[in-house]
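The following blocks contain the structures, represented as structure tokens.
Note that subunit A is present in both complexes that follow, paired respectively with subunit B and with subunit C.
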Partner chain A sequence: MTERFEIPARLRNTSLALIAVGVLVLILGGVTMLGGHDHHDKTRFWLVLLQNSVFFLLLSVASVFIQAAASLAQGGWIVAYKRVPEAIGANVWVFGLIAGAILIFIATGFSVDGHNTIYHWVHPEGDRILEGKKAFLNKEMFIGFTIVTIALWSFFGRKFRALSLAQENAPKNSTKVYWTMFKWSAGFLLVYALTQMSTTPWLWIMSIDAHWYSTMFSWYTFASAFVSGMSVILLFVVFLKNNGNLELVTKEHIHDLGKFMFAFSVFWTYVWFAQYMLIWYSNIPEETTYFKMRQHGPYSLIWYSVFIINFIMPILILMARPSKRNYFTVTFMAMVIIFGHWLDFYIMTMPGPLGKHWHLGWYELGIFMGFAGLLIFVVSNTLTKSSLVPGNHPLLKEAMLHQS
Partner chain B sequence: MAIKKFAVACYDDEEVLFPAVKQVRNSGYKLHDVYTPFPVHGLDGALGLKETDLHVAGFIYGITGTSTAVGFMSWIFCSDWPINFGGKPHWSLPAFIPITFELTVLFAAVGMVLTFCYLNQIMPGVKKHVFHPRQTDDLFVVALEINDHTNEAEVINFLKSTGAVETSVQVAESEWWFGRWDKKEAYELA
Partner chain C sequence: MHLKYESFVREPLVDGDKTYHQVTEDIISPIEKKPGRMWYVGFFFSVALLLLGVFSVTWEVYYGIGVWGINRTVGWGWDITNFVWWVGIGHAGTLISAILLLFRQGWRTGVNRAAEAMTIFAVMCAGQFPIFHMGRVWDGFFVLPYPNSRGPLWPNFNSALLWDVFAISTYFTVSLLFWYSGLIPDFATVRDRAKTKLRKRLYGLASFGWTGTAKNWQRHEALSLVLAGLSTPLVLSVHTIVSFDFATSVIPGWHTTIFPPYFVAGAIFSGFAMVQTLLIVCRKILGLEDYITIGHLEAMNKVIVLTGSIVGVAYLTELFMSWYSGVLYEQEAFKWRILGPYWWSYWAMMTCNVVSPQLFWFKKLRRNVPFTFIMSIVVNIGMWFERFVIIVTSLYRDYLPGSWTYYSPTWPEIGFYLGTFGLFFTCFFLFAKYFPVIAVAEIKFVLKTSGENYKKKMETIDAKSAEEFKHELDHAHH
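== the complex of A and B ==
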């Protein structure tokens, strides 16, 4: 049966090899960086873990968001490959646990010579700006928000999957579960709006540069995470399609996923530029330092590459209709976009604590590979657990007939 | 601009229209056009219409808008009337971006609307022959191009066999022409 997915040996071995690389690099990094005497290396060790775990967590939550959005909009086209975002969403808890542990450790236990070099707001004493932000930026708030956010995301991810499986076992033509899902989706959007789209990125990422703030920041992070999340979904869909599964998925669905990648690349640029332009225009020193470091400082190469990879490439390559319908172009662009937004997260996190002592080497890429391997491993495991066709779904026929 | 002869068939249901269009295309008669009161999903595919290059035109209009905006602003702020704004360089690209974006959208949108009207031969101040006054109300009208050698009775019988509720043979201008609808004409049509 092609409705069932069995993990091909090659995929399993690749994912395990990637995880092994990640663990090896982590141990090696721990020995050389934490055991060494360089302050920056100790910071770098944890900062890279923070960047990657948060990136993969937000990217997997984007799958929960697209399910909720599609459910509320009653979009039929997504039903053809619904199991993929579901499987990613059901594994939010894995990345949630990792990211939560790393974040809480950095906020509470991490210090280099008595200074928390990543979240320096944990010791606001003597700093008037940080003391003013103390009501929001403090350890208790951080830990509480982190736990609640991650718990809610994980819960909704698993809930959506459970509801979808319940739909499959429901009596024929019953729409009861469908409308239950509708209500839960509305609930998730509320949660998502109050976490990912507003507060959570302030605490996790923006507070690394605690003196600086931007009201666009969470939207910008959301755009980054969402476009990479859609790219990950596309990669899984194309893989399953090549593997002989997902017969229902046609070029029309691939085209629509490509449209999402294209549109949200442009959206990311819009938010990214809106944030940049206002600060550039008003030219207030305490705000411009953030971009001074990134655009003109030691990070300018990465800063401009992020712009080229995340805007120029998608807009030129994905604009034409045939390229969104071509499996090779969309797969290639999905990988490019994921890497580009990983770099974007890199430039969100690194410059504050590391300054000009940044590296983009074996440790950064190794940890990225480890997380990618983990994502492939857990998601493909979940995919095997049920039929890939969401049987009994009211919009299944619409999904089959979908024309983009 | 040519006067031609048409065999016209009217259908009152979308579900009859699709098989009828298929039969007409298979029969070998020359299909002139199909007129519907609302956009019918999938009809372009059934008619075998090729995708137009409207989006390529849109891209060109957009690029024109981009270069107009950047060029015009660069000329104003760098050579025609340079002003010092808060110590920023005269050629400040970030400040140009919003206007560039707007002009790109404006050029692309207006250009595409006009091109769309041209391709569909609709525009204020031009006329086009109306095969059946109810084609904008509740009838789906299929027009076949025929000539003096065509056996009219055979065509009409064939159209009736496909489910047409009304048929006629008309001699009419096939393209658009300049002119305005006057009230008298409109009454006659209705």
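== the complex of A and C ==
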């Protein structure tokens, strides 16, 4: 069973237009912000790039994670549209390269009048707390972790797709590749545990507020990235379905993705709230300062919006069964969730370096559009390169029968 | 009609050549027979332990909480350690009945009944500890917000300890309802087969007059769905709130944001280990190897290695952050935890919970019954030490070196703990004798998709190409 996908002209043009907006905004931003004299503008230029590149990287790695999780749990439900997370995962390297370059530049080359306004820990001298963290927060460690992490993620993203393609050419009903994939998935889980679930968010994001710390932070970042990643998968599936592809996908499969969006929105809220509540409750100034700035300070509007968009909306709208089976509702909610978690990443990154000088304007949205365009462009390109049905997959027939 | 098909890549959930009747026969007949000698030995041993517990608790209530080893510095010792340990064990039942139901995991049908029973008994054991830790236990009702009879004195609604009262009692109620509602059709089956008047009468009462009509089933399904919906957040909420008992404080070693999900993962970890311990024995004694297959044990071992590793990541995160925080007290707390006089408890925890479960990465070991049995006990030893480490080693080095202490339990504390084992196993033995330990109706539900004999007949479907299969499916719909 094969099914080919050809990129419709409209999709290609949209993605190219979005990329063009991104590039244009980047150039404009470079000229006006880096060329200007405002310190905050220089910080803003790089910080927005950091926020977006990391957000899109973590969100695409979520696709690799869901493949590994489904393979280990022997989930049949995902097989009908497995090629979508595979295509996203196979392009992790694109976002990895971009994010890696930006992160390493910020840690090594970025400075405003001799100060690194984003990663203060680059110059810990004179700051006793940062000096104490020097064994972990230093350039070499940062570069090493960044390169190794991104290389591993990119490798697994491509490996999983390659294995899935190998299954197509394997003898009928052969399970050799299936079990090989099972083993690689276990390996990926280990890698993911030591990167996304622990060290990576500490280094890339939490160290922006270098004095502050929270043990929950990486799991909370994971929840944010994962629910956005599932929403991106849903958007591709719905698009393909509307385009007349993915014949095997029915409302049952859409319902499943809706459940994931719902469940992990609630999970995000759980970890988000637990982190917030425990810090609020203990009321230790070194810790509450982080939320003081966000909840009561100049970011309070965004802070409350994040909560409403990422929790109140999904729980009210996605709770009912019919809404998870309605193409319009799930598509709308996927966009809402992606935007909401992009805002969540915004509020993780901006307040430390920018304080009250924050912007949510043409530059922030333009860069977001650029990355979104790039995602659409590369993923749809990869989708054309193989059949949309993972032929010969041992669970394919179950996926056809699937009832949510 | 939905086509009964399951991929050849999955192993059968019910082994052997089974019909609906055979399933009933296999699971219900042990209830109708006299139990073997081992059952009596086990049962009376459990009752003896339970009596030891009653004696220890009576001693404590009579002479006061001073007979325990806890002191001003270590105010929580074995009591709260045991409380958290038992509550944690309870989690597997709820996870299996609610979350695995949502994830459509067919293998839950073989183990859910016993796991849910275990949950209820474990929560019963857990509840004893905070109650008797109160000392003046006759004032225990003060934990409930009971209006106007005590003047202005109300429970502190800002206290995580009060949240616990609600969390645990809700959890117990919903788990009990879930378990019992599932039992109703099975009780009716026992009733319908009963050869003695008394049995017919008692199981008839227990089955609430179930007749198995379509309407009965329809209401039953609706109720199950509602209860599953209620239980899902409970899987997370109970141990989250237990973790709040510690994490809302400002005590180094307790105040850490990762506690809620990490406690939940640990609870599932220990709960599955306890399910393994019990079911490996049950399947052997009751001859249920066809229903609780090696595949079931392997699936649970996978959950154990996953949750064990999650817990491992959390331990290391905590340890790393204590250093990274730059807070002297956090750093010291962990130094004393790992290298202080209680070092053995920390290393016991690390070895049993993080290191040894990693052996389950090997398929051979996941499918090895004796090894699984030993590991299931090792895990629960480790999880007991986890709670001991969190509680005692965070407290024993106080801010003031003058208050430093070393805590050891006294005999009433140990007797109390052993007593809860007595309670747990007394209940479990009674359950295994009088209740169907496997959900008969639910096994029948998966039999035609996942039974070994039925799966053999699916070979013709497996031989079809995907196109053919799709074509036939579309055809069947018209």
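We take it that the second predicted complex is superposed on the first by the 402 of 404 C-alpha atoms of A that agree within 3 Å, B and C clash if a C-alpha of one lies under 4 Å from a C-alpha of the other, contacts with A are read in each partner's own complex, and residues count from 1 in each chain.
By our rule, a contact is a pair of C-beta atoms (placed from the backbone, for glycine too) under 8 Å apart; a residue touches a chain by one contact, two chains touch by 3 or more.
All of these numbers come straight from a predicted model, not from anything done at the bench.
Participant: Using the overlay on subunit A, decide if subunit B and subunit C clash or can fit next to each other.
Facilitator: Result for subunit B and subunit C: clash.
Participant: With the two complexes superposed on chain A, say which partner A:403 touches: subunit B (first), subunit C (second), both, or neither.
Facilitator: Touch status of A:403: both partners.
Participant: Which touches a greater number of subunit A residues, subunit B or subunit C?
Facilitator: Of subunit B and subunit C, more residues of subunit A lie in contact with C.
Participant: Mind working out whether A:281 is in touch with subunit B, subunit C, both or neither, as first, second, both or neither?
Facilitator: In the superposition, A:281 touches subunit B and subunit C alike.
Participant: Which holds for A:174: it touches subunit B only (first), subunit C only (second), both, or neither?
Facilitator: Once the two structures are laid over each other on A, A:174 reaches no partner at all.
Participant: Quick check for you: in the superposed arrangement, does A:73 touch first (subunit B), second (subunit C), both or neither?
Facilitator: second
Participant: Looking at A:136, would you say it contacts subunit B, subunit C, both, or neither? Reply first, second, both or neither.
Facilitator: Only subunit C is touched by A:136; subunit B is not.
Participant: Mind working out whether A:321 is in touch with subunit B, subunit C, both or neither, as first, second, both or neither?
Facilitator: first
Participant: Is A:242 touching anything from subunit B or subunit C once the two structures are fitted on A? First, second, both or neither.
Facilitator: A:242 sits against neither subunit B nor subunit C.
Participant: So subunit A touches subunit B in one structure and subunit C in the other; where do those two contact lists coincide?
Facilitator: 281, 283, 403
Participant: Residue numbers of subunit B touching subunit A in their complex, please.
Facilitator: So the residues of subunit B touching subunit A come out as 41-42, 51, 55, 59, 86, 88, 94-95, 97-98.
Participant: Which positions of subunit A touch subunit C when the two form their complex?
Facilitator: Against subunit C, the touching part of subunit A is residues 1, 72-74, 76-77, 128-129, 132-133, 136, 172-173, 175, 178, 186, 189-190, 193-194, 197-198, 202, 211, 213-219, 247-248, 259, 270-271, 274-275, 278-279, 281-284, 286, 389, 391-392, 394-398, 400-401, 403.
Participant: Please output the residues of subunit A touching subunit B within their complex, sorted ascending.
Facilitator: 273, 276-277, 280-281, 283, 319, 321, 403
Participant: Considering the complex alone, what residue numbers of subunit C touch subunit A?
Facilitator: The contact residues of subunit C facing subunit A are 2-3, 5-10, 102-105, 236, 240, 244, 247-250, 255-261, 302, 306, 309-310, 313-314, 316-318, 320-321, 324-327, 361, 461-462, 465-467, 469-470, 473.
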